[in-house]
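Order of writing sets the chain letters: A, B, C, D and E. Residues in each chain are counted from 1.
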Amino acid sequence: APAGDQPDKKEGASLVVDMSFDVKTLDPGRSFERTGTLVNHVLYETLLTFNGDDVSKPVDGLASYVLSDEDKVMTLTMKDGGAFSDGSPITVDDAVFSLQRVQGIAGNPSFLLDGVTIAKTSDTTLTLTSETPNPTLAYLLPNPSLGIINSKLLTENGGSVDSDDASESFLNGTSAGSGPYILESYDATSQIVLAANPEYRGDQPAYSRIVVRNVIGETQKLNVQAGESQVAIDLNPDQVAELSADELNIKSAPSRYTIYMMLNQDPSISTITSNPDFSTAVKSALDYDKILALAGKGAERPGGVVPSMFVGTLPTERGNQFDLAAAKESLKASGYAGEEVVLHYANDVTVSGIALQPLAETVQSQLKDVGINVTLAAAPEATELDNYRAGKEEMGIWSWGADYPDPQNYIAFAPGENLGKRAGWLAGDAERVERLRAAAQAASFDDRGAAYEELQVALNEDGPFIALFQPVGNIVTAKSITGFTSNSVWTIDLASIE
Amino acid sequence: MTDPLLDIRNVTVSYRQPGVGRLTAVNDVTLSLGRGEVLGLVGESGCGKSTLARSICGLEPVESGSISFNGRQVGRLGFGRRPRELVAIQMVFQNPFASLNPRRTIGSQIEDGLRANPRPDTWTVAGLLDEVELDRSSIARYPHEFSGGQRQRIAIARAIAAGPDLLIGDEAIASLDASLQAKIARLMRKLALESDAALLFISHDLAVVRVIADDVAVMNRGVIVEKGPVAQVWNAPQNEYTERLLSAIPAVDGLGRLPATV
Amino acid sequence: MTAVENTRSRPRRFALPKALRSPLGVIGASIIAVWVVAAVLAPWIAPADPLAQSFPRLQEPGGTNILGTDAVGRDILSRVIHGARISLPLALLVVVSSMILGTVLGAIAGYFGKVLDEVIMRVADLVFAFPTIILALVIAAALGPSLTNAFIAMLVVSWPGYARVARSLVMVARQNEYVVAGRLLGASALTSLWRDVLPNVISPVLVLATLNVGAAILELSGLSFLGLGAVPPLADWGAMVSDGVHQFSSWWIALFPGLAILTVVVAFNLVGDSLRDSLDPTMAKAVNGGKR
Amino acid sequence: MHPLARYLLTRLGIGVVLAFGITLVTFTLANLVPGDPVQAALGEQASANPAIVQQFREDMGLDKPLPVQYVTYLGNLLQGDFGVSVQTRTPVALELQRAFPATAELATAAILLSILVGIGLGLMAALRRGKTVDHVIRLVSLLGISAPTFWLALVAYYVVFYQLRLLPGSGRLSPGAVPPPNVTGFYTIDSVLAGQWATFGDALSHLILPGTVLALSTIGLLTRFARSSVLDVLSLDYVRAARAKGLPSSAVTLRYVLRGALVPIITVLGIAFGSLLSGAVLTEKVFAWHGIGEYAYNGATRLDLPAVMGVGLVVGITYILINLAVDVLYGFLDPRVRRA
Amino acid sequence: MSGLKIRDLTLAIGAVDILRGISFDVPAGTITGLAGESGSGKTMTGMTVCGLQPAAARVGGEIEYDGRNLVGLEERSLRAIRGKEIAMVFQDPSAALHPMLTIETQITDHLRHHAGLSRRDAATRAVETLDNLRVPNPRSALKKYPHEFSGGQLQRIAIAGAIICNPKVLIADEPTTALDVTVQAGILRLLRQLCTDLDLAVLLVTHDLGVMSAVADRIIVLRHGEIVEEGSRFDVITAPREEYTRSLIESLPRSESWGTQKEKAL
């Protein structure tokens, strides 16, 4: 229905949203950064989706689904009446094309569909077949990276489902989806402008135009206070604490990030951090409450790496605890004699508005209290990532954001896995952890919580990772904004803002 | 007849001038000078006198022709030290304020000269200071403590210290007060002749050259237009340019005679 | 003409005392002296350990922490005082090293001319064609942030200034008749450069260096501000201002280190100015021309 | 050939060589970086997959040996192709087209302001040498050159925008405002060309604060320089001669003094431009001015080699062109140069 | 009598007395020579007559011109006289002409200001004047810049600028010192001729006694800001009364005194 049919107080007005950009592309098949995800969520509809804030249960999007008993085959049935912004209908072919393209062009999000075979089974259905049981697949499909693209339009503009695809720059200028908004303009450095999609078959959003601007956190605060913007996304708790709830709406929710510290287990990298006693010493030497205070009001400290809103999160009491005496004892046992250890971190990133630098400084100062000499090595993330991913950092502070709302995502911390390897923790290094890991992955839905908790306890004790805290995500809006939904996948649903 | 001390044959020197091309500053000049001779070189500003002097010292590359000194070819002075034999050509410059290093005592600068002298015991610094009528206590002082005329004497002392066979004065008295000019010019002549050296005295002022030189060469636009004994050139110039030069000099007779122009 | 004047009025030795007789020079020198004392005595006069996170976070100025505390509860006054121990020596080191490097290269270019001149000065042009901070940024990013690398970056970008000035001064100075006289007395080119030319161009270069200390502090702090200089938790002024960007309404975090930079730079400029004013005009002009 | 034309051609030739040198330096430097641009560009999960990493390398031509990469780059460059940003996979030329005018507009505003104010103040100070005005101006210019730009930017932002709400804080236009049709990339000029006066006012009001902050240090530089060169000229014979002709002092000042002082002032403009660009890198960060400074910073910290090289080139060429312009202006003002 | 009458002129800067009460006349139709060693105050005298002494200077005494005392006259009235009635020529023409302005601008701007002439009329007058002073191609010369002329031509141009408003008094400060003798001769002739033809009162500052001897009608010798000798050209040069003047004349290479010294040296 044309927007004009529904008289609305905000019709014609632009909504201004400030966030700090990390966008690299608006091609959904390539984009996996926060900004791109936020925007693509309203440009493209997905086969499944989440209902508002609730990420615990995927719901129907462009399709409905059934999962086979062994969790291996998912059958999706397309709904009728969907149309792209150019008016053409959404077909099952578009769905197959879009998903296959994500796999074929091998971009950042292609891992979401690793080991999945996509097939059209009828004019209204398609199946996603996994080699191994894949109960999380339904939680992945709402990801905006798996948004459904107008395949005809894209093919005309260089799109394909393999590495020959050349449609990225087209998608950076024109959206080819069916979401409530269409792309008006995109500038990776300054702003992204969205306009309401007149062909959208759902309810028209309240704002006909949205400007998402690239602004650093501190400036976001000033802008939203000054009324220059209506939504600020990256305010840290300190900044939020200075705002008055009388003038602005503040919505705080735990973020999907875990900030953790890593101690390399590879003796060729460091004989110190790979020493289990040293590791234990560090774990008890940190004053977690004080560190949490840095993260500000609303931040939490789950006992392990799994954030508080996911199944299987570990209660704080079961996590590592500050114990100065124990720390000194373990340190003595480790034979550490005051050598310098290097703590790496990126100095140009903030996680939910929290800079890593004060954190690193605090860790350094706390470890100093037990006698551990830490040297800080700060670098831009780009430089540091390489070091880290190659497993060359002695100690590091990093963050992990859930790719999808499921504890399975945190298997990455296990030995031999993605993050484990970066800490020099290889398969076979920790028998107990690996056993518990297998158990957790095999657990059925109801038992998973307990299994993952056990795994985290073992990770805490034997592993090279120390979960520091889970920051709070703050969304601050002007009083004129009366409501919106937000969740850990797409941060805020722009179309829901009223 | 023995070879003259300085033998300049068909020397041409030119400068590259940006945007204009080459400017021939010295054009096919032939001159020679023997020991004990005092040659005056006159000409208007820019006629190439300094260029010729600099070529004799090896400071400008000679485009064609040759300069030989004591039978030795004068080459262009490069990065290295000047050949020992050529150190016997010394020069005194026009600007008394730029001819001494302001950061070194005059004693050490005169010693530089002595060190270059093949017979260093001919002179002492003190002796040289006596010779140029400066107080011996000046040794430890710096150039800025001296007046222009005194500095010029120090520069002469330094040149003499090197025991030159050829002393060149390039407008050495031009920037001095009228009352000092005579004194310094006389000093140069005296010292040069006492040490049996030749003196090439360059000036744009024919009247000055007339009273100090034995022979005079007149230069115009890079060319030597006339050369001869001073009296002859002064009283009976052969060249039209020399004549013009001479007649333009105002006579100091209080008669109000305007100098001639052409 | 100019040569006459320039030799006539040039003081024999470096004219420090006379230059500092000007009231502004005195003020500048006093401010520098205060900062130098602060730097030397920092451990004793700073009220707290600059690294100790022992205070409540983000305290406003006043109370126990005169200038407030930062985001991790460190005393800003102590950090500002200790900051002098980083900024001052490093800036001096940058200036002295680039002065030596630049002067040597510039003097060689100016004295020998020809190919050497072309090569050296074209490289200098190349460096000049980059805005300092961008080149420094690339270098610092390439080598990783650290004070050493910031130093290297600054060295690379600042020597050409000295080279240009030294070159132009040497080109004039080598025309001086005493230089020629020295050569005529048998000095080799290098001896001449070392003995007759360099001593007579060094004072303007020193003045330029003094003037540049301020600029060096500014640029170093700019690098630190961008996170490419001092490594935390070092109390570096630029880095402290940068902390303030994330903590805007805690204005004291950025204000005081910024004021510290301002005062030091003003002081060095005052001293540099009076030194330059004590130079003779032609040399002073050379100094001006080489300023970036 | 006309000597001036030949001179310009020579300078242009040197410029080309310089530009080539810039690419070489940037390329070498950027490849010294210990990090891997591919890691920087790829996400957590993707970077763990060797196949994806490999394909990304191939896409970006990063699998080739460095000299080959460089030659390829140069070859493309000759066709106006600056390569594709490793980070955003957008052609660098396109991104520069967006970022450069932003900075150019800011820098132009700043330099115009500095010329006007700087020369004016310098002249005033010189003419009133030793008076109170002179001292005040000297103090102001001293503060101008001594204050760290990034700090000034913060202070100005905090006071003028945050506390006083006098001027808009960040960005080039008010949020939601549509940029004028792109002709020059300068919003002020483009809006005038399109007759959009509201947009012009908006763009101008956004320009004032960062422009002034940026100009302050240049104003300081120019004021000092103008003062000293006016003083130099004031003592010259031709000024004495002009006064001896009984001309009114305004005529002496404007026709004789300023004209003579302008030449050395012009020569520092090139230098001033360099310092302006440096300042821009720092100012843009505070004012969310998405220009070349920010682009350079991001490029450098994210190991985006083509981006950094693009910036280096554009900035270097601009610098060369500005200095060329300065030279031409110089020749225009000083007839002696025109001939030589 | 037109011309200048200077009476008891004093000038002090700070505690330094630069002129200590000098009195002399510069009558119309004559060239009055002002000689003296360097720093004796020759230039200062000339500048003070024009009211162009340094701002810090204190002037006393009288400079009578056209029935008025120029000392203490307000700046505006002085400016009306300066350039129009009393003109100056400086030592180094290449320094006294602005390198960036055309000859036309420089020799007509005060003409237009003082006489209110249009640009064209002023140019016509300039061409005439240049022509009179034997500057080649006067019309095209107007469009040129100073660097395109030789020193002698420049001095002629500068003199043209000085006399273009038909002044009554001309102050020439060492107008030939920077020039070659051959060129100097031409300029001296020109000065003489202008003085006679235009009935100018010329004050010629120079330390060159040869120049004095050639053109000055009367010679005044200054030393330490005081007049130490004054008289007709012939008297001063042939029979100097002051020791200082005598030493100046004796040191001249034109006299035979050098010759005897040369013999001595041999």
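Basically, a contact is a pair of C-beta atoms (placed from the backbone, for glycine too) under 8 Å apart; a residue touches a chain by one contact, two chains touch by 3 or more.
All figures in this text were calculated on a predicted structure; none of them were measured in a lab.
Each chain's centre was taken as the mean of its CA atoms, and the one lying most distant from chain E is A. Among the remaining chains, A is positioned farthest from chain B, on the basis of C-alpha centroids. Two chain pairs are in question, A-C and C-D; the one with more C-beta pairs in contact is C-D.
Distance between chain D and chain E, defined via averaged C-alpha coordinates, is recorded as 51 Å. Inter-chain centre distance (chain C to chain D, centres taken as mean C-alpha positions): 23 Å.
Separation between the centroids of chain B and chain C, computed from CA atoms only, is 46 Å. Annotation for chain D: residues 33-34, 162, 285, 300-301, 303, 339 touch two or more other chains. Within chain E, not a single residue touches two or more of the remaining chains. Across the assembly, chain A contributes 216, 219, 222, 348, 379-380, 383 as residues in contact with two or more other chains. Contact residues on chain B toward chain E in their complex (touch as defined above): 44-45, 177-182, 185-186, 189-190, 193, 204-205, 207-208, 210-212, 244-245, 247-262.
If you check the complex, the residues on chain E that touch chain B are 37-38, 180-182, 184-186, 188-189, 192, 207-211, 213-217, 233-238, 247-249, 251-255, 257-259, 261-262, 265-266. Only residues 57, 59, 77-82, 84, 87, 89-91, 93-95, 97-104, 109, 112-113, 115-116, 142-144, 155, 158-159, 162, 175 of chain B touch chain C when the two sit together in their complex. Listing the residues of chain D that touch chain E in their complex gives 236-238, 240-248, 251, 255-256, 259-260, 263, 333-336, 339. Residue ranges of chain E in contact with chain D, taken from their complex: 50, 52, 78-84, 87-88, 90-92, 95-101, 105, 109-110, 113-114, 145, 147-148, 158, 161.
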